[in-house]
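Take a look at this one; I'll ask things after.
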Amino acid sequence: MTEAATDTPLSRVLPQTDRLLEVKNLKMYFPVTEGIIFQKTVGEIKAVDDISFFMRKGETLGLVGESGCGKTTTGRCILQLTKPTSGRILFEGDDITKFSSAQLRAVRRKIQVIFQDPYSSLNPRMSIGDIIGEGPSVHKITKSKAATLDRVKELLSLAGLPTNIHTRYPHELSGGQRQRVGIARALSMNPLFIVCDEAVSALDVSIQAQIINLLEELQEKFDLSYLFIAHDLSVVRHISNRVAVMYLGHIVELSDSLKLYEAPMHPYTQALLSAVPIPDPVVEKKRKPIILKGEVPSPLNPPAGCVFHPRCPAATDLCRNEIPVYEEKRPDHWVACHHPLDG
Amino acid sequence: MLIRQLFTAVLVSLVAFGIALMPTSDANAQKRGGILTYMIPSKGAASLDGHKETSYATIHPTAPFYSLLIQVDPSKPGAKELVGDLAKSWTVSSDKKTYVFKIHKGVKFHDGSDMTSRDALASWNKIVFPPQGILSARKAMFSMVDTITTPDSHTIVFKLKFASPAFIWAMAMPFNYIYSADVLAKNMRYYETKIMGTGAFKLVEYTPKVRIRGERFDQYFKPGRPYMDGIIGIFSPKQNVYVAALESGRAYSMFRGLPPQAVKDLLKARPGEFVVQSSTWNCALNITPNSYKKPFDNVKVRRALSLALDRWGGSRYLSKRAIVKTVGGVVFPGHPLAPSRRQLQTLEGYGTNVKKNREKAMQLLKEAGVPRGFKFTLNNRTTDQPYKIVGIWAVDQWRQIGLEVKQKVLPTSKFWAALRRPKSRMTEKGAFTVSIDFNCQAVVNPTVDISKYIPSSGANYGKYDDDVLERLYNEQLREPDFDKQKALLWDFQKRLTDQAWTFSTLWWHRTIVHNRRMKGWNITPSHYLNMGLVDVWLDLDK
Amino acid sequence: MTETVRVPAAADDLAAQVSWAQSILKFFREKPLGAAGLVIVLAYIITAIFADYIAPLDPLDVDYDLFNAKPSLDHLLGTDDIGRDLLSRLIYGARTAMLVGFVSSLVGATLGLFIGVASAYFGGIIDLITQRVVDVFISFPLIILALAIVTIVPDVEADMFLPEYLHWLWPDIFGTTLPVIVAITIPMIPRCARVVRASALALREMPYVDAARALGFSHLRIISRHMVPNVMAPYLIMLTAFMGQAVLLEASLSYLALGVQEPTPAWGLMLRGSAEQYFRSAPHAAIVPGLAITMSVFAFNVFGDSLRDVLDPRLRV
Amino acid sequence: MFPTMFFVSVVVFFLMQMIPGDPVELKMLGDGSGDFSPEQLTLERERYGLNDHPVIQFTNWMFGVVQLDFGVSILTDRRVSEDIAIALPLSFQIAIMSTLLATLLAIPLGTLAALRQDTWVDYLIRIFSIAGIATPGFFLGIMMIIGILVITNSQWAPPFDYKPIWVDPWYNLSMLIWPALATGYRYSAVAMRMTRSTVLEVLREDYIRTARAKGLVEKIIINRHALTNAMLPVITVIGIEFAFLIGGLVVTEQVFNLAGIGNLFVTAVELKDYMVVQALVLIVAFVFVFTNFFIDILYAWLDPRIRYA
């Protein structure tokens, strides 16, 4: 697949600066090795297999898929926590995969992360103040201890936390509070872009709403962009401008969230949507959930052709033999399917 | 009990200074038979080849299997004259430059072959003119040898470049085994790991680091010898083990020397069981300052170090706990060429007025600008006897002239590495400041004794240069007249003392405690000597 | 939305202190054997620090008239073969043992901690090489490695690198114990590194470590601030286990005459030489230092065992 | 296995290169009265190939090692393999004897301690075992010798020169039983602790409780269920300790004046007899690696759940 092929008409129209982040042909293969010294690679886990998308400034992109589909790996690649096997990640027009560690350190401040598990995402040996203040003080954003403390307090109140908890330790806080600390930490570097890796999945539903509201408030205030990773379409519905659906290392569908929810084009998206409960008993009763057959295949040995074909109700020989092209079937609506649904 | 102790006390006093007086009354009553088990206080012999080795760890297990050409008289080790072993007799030309040795006829090697002058020649060539790549530890001692020839099958002739009284003594070194020419022709290194000689005993078994066993060699050339049926030498570096072996009677002797405390313990544990023989040991324990380092480059400081030692008091104190005793200079005390006690006391640092000595020492230090409380390190060897104990004594002596000395004890390898530092590196920070040093020789001969102190010697660990010493050494080496040689030796001693490049503390003292059933062995001033065990016999009925 | 926590800071500290004291009390109640070990260890440490005040005599002073003396009022444990007071040497021996024990286990375990954490953190080829090296070092008994290393370490003295007025920074005892310390420290590093790495591997996957990386912190900072503090339990366990081993090892090396050298007082040295040679006339000269070694190692071990039970029962050292 | 061995060789070889001082010179010095010229020194070094580049030396050595030839000792000129052949049977015998002693002591006592957990029996056994770990081997050895001498009023001391067991079994055993006891005690202490804790663990498991509930006699439960399952970690510990036994032998052999591997090692280290040190270290590593391999096989045999391809 050439670069030109992935370039979309829309992206050509939009000025480059508008694209905050652009992921091109990203691949992340994990080698499976044997042997102690002279290791030989016996296989590869294709966690992310050739995906491309872009994000506009101030936009929220939802990235949805079952666990193990590669969405977290995509997030980690963007955060440069793992080095991708190949592909380019352009942030503000620069390929950050080619950055030196010094350049990377500078760009990292602009890309932050909020994790799923509020328990393991905070260092248990550090106080809340240290967790939030470490970034600003290490990067000399705040010049003195007092300034750091002021900044910590400011961030705490931004995250909706009482300012006096900075001497506390994570284990003294509730899950929701910790997630707010995580958000405050991410904000401490004045980022442009935050990867929210299942940021609300581990929380109670009531707290989920609070956190999502907070994230939306902050987005407005600081003109943030979010890559919102989740395994559930319902969670991202409200917060996302656009939604991408991943399956087994591939993006199968990416669209405006409205269009995607209303008229999904990929059978997998449709199946996912059918599982989302709708808070209307009448509608809910009429709906027929699409039960996918079989299990998700192993990424170590993905099926030939369309990766979804073993489970697809509409699969044909074509699907079994040829990899469908990921293309813009409708304006601003990308799908990788030989037989897209017509909504 | 009391009588037994008295008996021991009398014995101890009998075998006093220098030479042992063994009761010779039962000299004719030697009994045949028995196997002698003796302890070898070593972890094992390096190699078995006496020609290249310098350690008792080689001599003690191997000497019974070999003969020498000439030897120190086993029955009178202190005698001025040497006796023959394989050599029946020898003559010296009037210019003292030609030595003709007549060899016994009918001598057999353990493999049954005849021993002739050819074998003696091959062995001596290996010692004096070793071929490329073959080590001879005593090559340097025979620098005066010009040629060795064999006019007939039982005569060997040594021609010297210049006459030297040291020659014949160097020949009597117990390491100069006579090997088989045929064996050497096949493999020059045969004797490093194997044994085949003409000695009184024939090898039965050798397990390195464990034991060596020999049986009587029936074709031994001395009639009626050896008396014993066999010998077993057991290697044991640990004092408690060999002392326990002696105590329990499972071994009859250990031929190196026991410290005073062990002697006392043994005599107390089994009164009447042991015979004690003791002698001054032909080893001097010295102290060598590094004259390349300040302030020891100043002769006054070096002299002060020597002056501070109370040698006579030290002798009284140390002889009770260490294997040292005799006050002496560079020449073996008691040797005719050694200075008299009175003469020795005129030497700086050897006088009896300790207070005066120390005052002078402090005066010298003051002149040299060395402050009170000056600190330095004494390098020592990790071996207890006698190094460490004498080192601790020396540190205390120096403390009394206001020097703060720290003793640093090094494992053998590091100790040697420190001493063997090349001259060019003596100024470095890691080089030793002051070190314990020693001079151990196999035969009692002044020329051999002082060879260590000449600057060109390989054992000059102070790396000093002194033409006077070198000249005096060479003059005495060539001096045939006894009195003149003695005078030259005294000059040598005085020069060394004046410069204090290195100075002696005390000479070692050798005490052997052996089972009373072992007879016919006499102590010698060297633990290298008298290990042939030809004349030793066992009185097992007692 | 406002889940506030209102405890003033001062009270907070107080609470921490109370719990600290309480946890010690709890340790004493639940692990009497371990507590006994701790008390003995403390006694040894105090002896080591205050040896100058406790010891009746200078351990280097030679009594010219008494050697191999039996216990008496002047010399409570008698004297050795050169007339030095055995009790004083025993007390100063504690200083040597504790110095070697603490310094080598602290340095060894700490270096092992950082190597183990770094190995786990960087992963990949660095981890692979580190683990191979660790494998090599682990396939030898401690003493074999220590013996091989002790002959290599050069002697370092203050005057070799310090101007005279700074000599006090490098007490003599360092000069004589340094080769031993190094020889004991080096084999400990891989042992600790292995245990720590196992724990750190799990840590590396922790989101807070990822967060730290996303914040653009240096590797050093992430390792030292975010990973190391979280593997303290295995580290402490290894540390206490090493102390006993180090004391034992020092004694063994000294006994073999390859460790601490005379005249520095050391228990292993007291057991060799005269003590061994003359134990028929003075058995106490061998028994007392031997007991001192055994007691200290015993104390370190029981304390370490109990600490392990408290900190992490799954870890076996 | 082989890579580790290779790494070991590299590390050992280059470690030896770092030792200050020259072993050839040391040898030629002997007792200190040796006199030799620098040329002789060079020649002698040449003979052992010590003037070659270290990498060449290493390669030559490795070629020899592959053919089980560990070179020639610089000190004695004997083949290193000969020296090892003399020392190995003795050390090996002590190792076997102490392993047997340790196992015989450790398994019953450890099991007993577990069954009587937190009673005085347990405490006694635990103190006994920790004391075993805390007591230095040389101290235990010295105490034994003192004990023997006191009990027999100095009449009897163990033999002091080694004879193989097939030559004189009584002599051999009366000599080697003491060092075997001295090393075996420590060894058993480690195994005992392991036995105790694994038996405890196993006793807590469900199937033991089921067995008890079924009313099986306690003894059968212990023998059939608990012990067989507790054996695996115990075997591991016994195996690893066996591989590390040489560490204990280093000191014990000194005390009892035995010319075994440990003694050979200490002497070689002291005198920097490169070839011997290198060979011994390699052998120690080999024993360790091989023992681990052997344990794995034993594991597979004892535990049907583990099967290696």
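Think of it as A, B, C and D in the order they're written, each chain with its own count starting at 1.
Here, a contact is a pair of C-beta atoms (placed from the backbone, for glycine too) under 8 Å apart; a residue touches a chain by one contact, two chains touch by 3 or more.
Source: prediction; values computed, not measured.
> Tell me which chain's centre, taken as the mean of its C-alpha atoms, is farthest from subunit C.
Relative to subunit C, the chain whose C-alpha centre sits farthest away is A.
> If you tally the C-beta contacts for B-C and for C-D, which one comes out higher?
C-D
> Please compute the C-alpha centroid of subunit B, do the same for subunit C, then give the distance between them in whole Å.
That pair's centroid distance is 45 Å.
> Mind checking the centre-to-centre distance between subunit A and subunit B? Centres are C-alpha means, answer in whole Å.
Subunit A and subunit B have C-alpha centres separated by 87 Å.
> Hey, how far is the Cα centre of subunit A from the one of subunit D, in Å?
Computed value for the inter-centroid distance: 57 Å.
> How far is the middle of subunit C from the middle of subunit D, if each middle is the mean of its Cα atoms, in Å?
24
> Could you list which residues of subunit B touch at least two other chains?
238, 240, 269, 411, 413-414
> What parts of subunit D, by residue number, touch at least two of the other chains?
3, 19-20, 145, 149, 154, 254, 270, 272
> Out of subunit A, which residues touch more than one other chain, so two or more?
Only 36-37 qualify.
> Which residues of subunit C touch subunit B in the complex?
Against subunit B, subunit C makes touches at 62, 64, 67-68, 81-83, 151, 154-155, 157, 159-160, 172, 175-176, 257-258, 261-263, 273-274, 276-281.
> Residues of subunit C touching subunit D in their complex?
33, 132-133, 135-137, 139-144, 147-149, 151-152, 154, 244, 248, 251-252, 255-258, 268, 271, 275-276, 279-280, 283, 286-287, 290, 293-295, 297-298, 301-302, 305, 316
> Spell out the residues on subunit B that touch subunit D in their complex, using ranges where they run on.
43-47, 53-56, 132-133, 135, 137-141, 189, 192-193, 207-211, 234-238, 240-241, 244-245, 247-248, 250, 269, 411-414, 416-417, 420, 438-442, 451-452, 457-459
> Spell out the part of subunit A that touches subunit C in their complex, as residue ranges.
36-37, 39, 76, 79, 81, 104-106, 108-109, 111-113, 115-117, 120-126, 134-135, 138-139, 160, 162, 164-165, 167-168, 172-174, 176-177, 182, 185, 188-189, 210
> What residues on subunit D touch subunit B, complex-wise?
It comes out as residues 19-22, 25-37, 40, 43-44, 46-47, 75-78, 82-83, 86-87, 145, 149, 154-157, 160-162, 254, 257, 259, 263-264, 267, 270-272.
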